[in-house]
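Presented below is the structure to which this report refers.
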Amino acid sequence: MKNPYLPLPMRIDRVVTETEDKNIKTFSLSFLNSEDETGFKYIPGQFAELSVLGKGEAPFSIASSPTQEGRLEFTVNKVGVVTTALHNMEPGETVGVRGPLGNGYPIEALKGKNIVIIGGGFGFTSLRALTNFMLVQRNRSNFGDITVIYGARSPGLLLYKDELQEWGKQDDLQLYVTVDRGDEEWKGKVGVVPAIAKEVAPGSNNAYALVCGPPVMIRFTLPVVQELGFPPERTLLSLEMRMKCGLGKCGRCNIGNKYVCRDGPVFTLAELNQLPREY
Amino acid sequence: MKREINDWEPKIVAFLCNWCSYAGADLAGVSRIQYPSNVRIIRVPCSGRINPFFILASLQRGVDGVLVSGCHPGDCHYLTGNYSARRKFALLKNLLEYVGLEEGRVQFSWVSAAEGGRFAEVVARVTERVKALGPAKRLVKR
Amino acid sequence: MTDLSNQIRESARKLLQQREVELVIGFEQGTLPLRNTPCFIRGQEEAERLIWGSFCDNNLANYLVKRQEKVAIVAKGCDVRAIVELIKEKQVTREQVIIIGIPCQGMVDRRRIEAELEGKEILEVGEGDDKLILKGDGFTRVLNWNEYLYPSCEACTHRNPVIYDILIGDMVEEKATDRYADIAEFETKSPEERWQYISDEASKCIRCYACRNTCPLCYCQECFVDDTHPQWIGKTTNISDTIIFHIMRALHLAGRCVECGACERACPTGVDIRKLNRKLASDVKELFHYEAGISLDQVAPLATFRPDDPEGFMLNP
Amino acid sequence: MKAKIIRKQDIADLLDNLLRKYEVFAPVKRDDLVVCDRIGSGSEAFLDYTNSIKPPKEILFPQSETLFTYSSFDDAANIKVPLSKERPYLLFGIRPCDARSLTLLDKVFNEEKYKDVYYLNRRANMVVVAIGCVKPRATCFCTSVGGGPFSPEGSDLLLADIGDDYIVQVITDKGAKLLEEREAEDAGEDKLALMRKAIREAEASILPQITIDGLKEKLDRVFDDPIWGVLSEKCISCGVCTYLCPTCYCFDIVDEARDSGGERLRIWDSCQFPLFTLQASGVNPRPTNKERYRQRIMHKFSYCIDDYGQIGCVGCGRCVTECPVNLDIRQVLTTISNK
């Protein structure tokens, strides 16, 4: 019988400080046992629990794409005990990883569709995983046009800056990066994500909108998405709740009868409309 | 290997205020006054800074004794920190003994920056008492 | 009792009618025999629900904290003492509360009654002047209610409200009782015996925090047991953690605990919580000459000091 | 298999025999409380009780349980799961409502996708012997939630007190096997008649207290109703109702540092605690009594049906009798039903 509570040992290979306030770092991990890696089959949008010695475990979206073999990436915002401990860790140190957990993005449903990704701030991590997944050569032809709209409060708070530059040069996706407030060096768009989405988002024809970000961004983005003609069935959100077990048991992350850790974190807006507004 | 009881040396945590008792300990050191090496010193800004929880946490983690020391009444660097602390300490000491913690596990004293000798004597007295009590068992987390 | 209930209702109606308050907090009939339960009255027509009886044992001051509106509260002696402390600690303003004070004869301990009946289930309770008439399947028992008071009520020396705006009923005579006799007695036991007792009590604790949550003075937004950064104590039922939880809670209440006994009544497993709180109350009284909840002017004992405070406990080589 | 007779005076002896093969848990008196605990001798069992203060769930799902200890995450070998092969458990003398609660816990901890090895390790060979309630309390409402004072669900054997004897009804093969270990005479028709009478009377003595029919649909409709704020106003957000509930299973996972490593523990948690759902960002989807109390009711009487096909309440009445402020779930459900 497999024990669902046991973490797998992983080594930190690389730590990238993402934001200028140094509160967000991306950890690149590799499995210490190759069998564990073969067993860890995941899709973009899923998450995992990271364990730090003596501190506990906490859930994080997997920020890497399964197509990036040999590693798992997690982007971690320093807010609590586990995340602070993680931020103090260096390459070579080990952590435990339990997962993959949750449902992930509905890849099969997305195939053959145009994809509009709208992400804000720290909520971009799993959307980044999905984007990378779709962009690899063997997957790219499965999807139609890909549009990525991503914003942060300021240029210094944007995640994955190198990658964004790469994407900007590619012609197989449309990238719009925006900031709420620019600085002297910022040459890109300025404006909140919902406003930019309204301005640049392509039509909803045969398309899915995928939204993830802070609650306030979601609140103002959903009407825009609706206005653009995306039906609730083709609007996807990835939610965040306090989670512990990741197995749909411990009782804290449910919205109505749906457990975000087990039935989510990805829901269609149609599904959410059926649920009480307790999130 | 079975450890003989007389091999046992107690671990004692001493919370010393920065301005008096810590300086007193320092003076004991530079004056080369001998005192038992059982104390592990934790420097705090003032005896008023000591949350009773620090003492309980030490006991829970298995120290055999706790010494708390600050400036003599009237000499507090912050004027009244030790006066306020004294009230807390009186209640804490009574309560700990009331629940059955051995008298002497947790002790309080005033040691000034000039009293290197007194510091050594306090430590000797506390160590002697804690040794007599033997290893701590109550409140230790297992 | 009926008379007092009527007077409470009358006062509540008047206060609501004249819009002096938006809310009256009092007691209503519980759903079980031997139980009265807190209730919240916002309309005159609901005032009928208010009652006074032998089982009004919750400390209603617990419901005052963090309220914005103007409130009237039905308060017995210990509830008023808690209100006094809350006012001093600026959790409630004096202007915000109208205290409907009730001199209290003591509340009846339902567990003592249940023990007296040796498990026979009580289905109906009648309250006479000094009698309780208990009826169950095939039996009727009549008990003198004042023989079954809560331990906290038996030790109570402030049955009359120390402050009030409206007084219901007549002042009662305060009992001259050596209220800390049991504490003194406990202290004569050996440290081993005391440790054993405290450990046995703590081992019953299920860390449900009913003691804390029912306590009007335990109003911290985040309690030290819930802190994770730093995590002061473990969250399991480990005996060391549990004892330290109770010691720390008692210390946090030193000089603030009004000895209402709400903690002990709330405890589902009967932990002798007051053993600790009352030791501190007794020490605070003896060492610092302070009693919680008696006066609005006296400064809290741990917020002040005297240069000549006792320090015989200090090591002085 | 036919019902058997066990004389009351033989119970201690019977348990002593069973103790050779089983870890036996039975109601025992500790101070003034009856709790369900491991016994070392048959005479400790205290069967003349109404119900234990704590439900027997803690035997399978302890309040604190070590999931594993670890010295590092360098190697899976440094993570040690303290699961040992235990002797089979025998739960003796629990009440039918509590036995019934195991049917829900089994579904929770034995799901197709995630098997809870800790729970199942103890549950695997466990035998449950329940005692029917001849004298249910006024706070019992098992019959309103699909059970009854002699409900067999969750039990392997079910005893009925008929005075000097217990009549043993065999519910499962496991129970039959346990009974084979000891010779017992078949219950004669006269005694069976006594048992049937006792069952009838017990069932009749429990008045219907809540209406379950249509409750779920009603609850799903009234989620946003202001009634929740009124109903929960006196709640003090303690954990009494959840910790004493035989079916509440919410938990927390915490680590405690040990010397050079750590221990991961699973501990009971309560949906009534404000911190239960507080996110690191400071957002709390259930910030007040109202949301938390609603969650408890919704979970038991709506979400559990969606997830496990049964409600999360067996009507034991513990939350009714022990709530410090007499917030009575029966009254709450009735108020909602009548809306």
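Each chain gets a letter, A, B, C and D, in the order it is written, and its residues are counted from 1.
The rule is short, and it goes like this: a contact is a pair of C-beta atoms (placed from the backbone, for glycine too) under 8 Å apart; a residue touches a chain by one contact, two chains touch by 3 or more.
Keep in mind that what you see is a predicted model, and the values were worked out from it rather than measured.
Select, from A-C and A-D, the pair of chains that is joined by more C-beta pairs in contact.
By number of C-beta pairs in contact, A-D is the larger.
What whole-Å value do you get for the distance between chain B and chain D if each is reduced to the mean of its CA atoms?
Their C-alpha centroids are separated by 48 Å.
Can you work out the whole-Å distance between the CA centroids of chain A and chain C?
It comes to 50 Å between the two C-alpha centres.
So, what's the distance in Å between the C-alpha centres of chain D and chain A?
Roughly 40 Å, centre to centre.
Could you tell me the distance, in whole angstrom, between the mean C-alpha positions of chain B and chain C?
Inter-chain centre distance comes to 36 Å.
Specify, in ascending order, the residues of chain D that touch 2 or more different other chains.
Touching at least two other chains: 252, 254, 256.
Touching at least two other chains at once: which residues of chain A meet that condition?
Counting only residues that touch two or more other chains, chain A contributes 80.
Touching pairs of chains, all of them, please.
The list of touching pairs comes to A-C, A-D, B-C, C-D.
Can you name the residues of chain A that touch chain C in the complex?
Checking each residue of chain A against chain C gives 80-81, 84.
Over in the complex, which chain C residues touch chain A? Could you list them?
Those in contact with chain A are residues 228-229, 231.
Once bound in the complex, which stretches of chain A touch chain D?
So the residues of chain A touching chain D come out as 1-10, 32-33, 51, 53-58, 79-80, 83, 94-96, 215, 240-242, 244-245, 247-257, 276-279.
Mind listing the chain C positions that touch chain D in their complex?
30-32, 35-40, 58, 62-63, 111, 115, 119, 121, 123, 204, 206-210, 212-214, 222, 226, 234-238, 265-266, 268-270
Of all residues in chain B, which touch chain C in the complex?
52-53, 56-57, 60, 73-74, 80, 83-84, 86-103, 107-110, 118, 121-122, 125-126, 138-142
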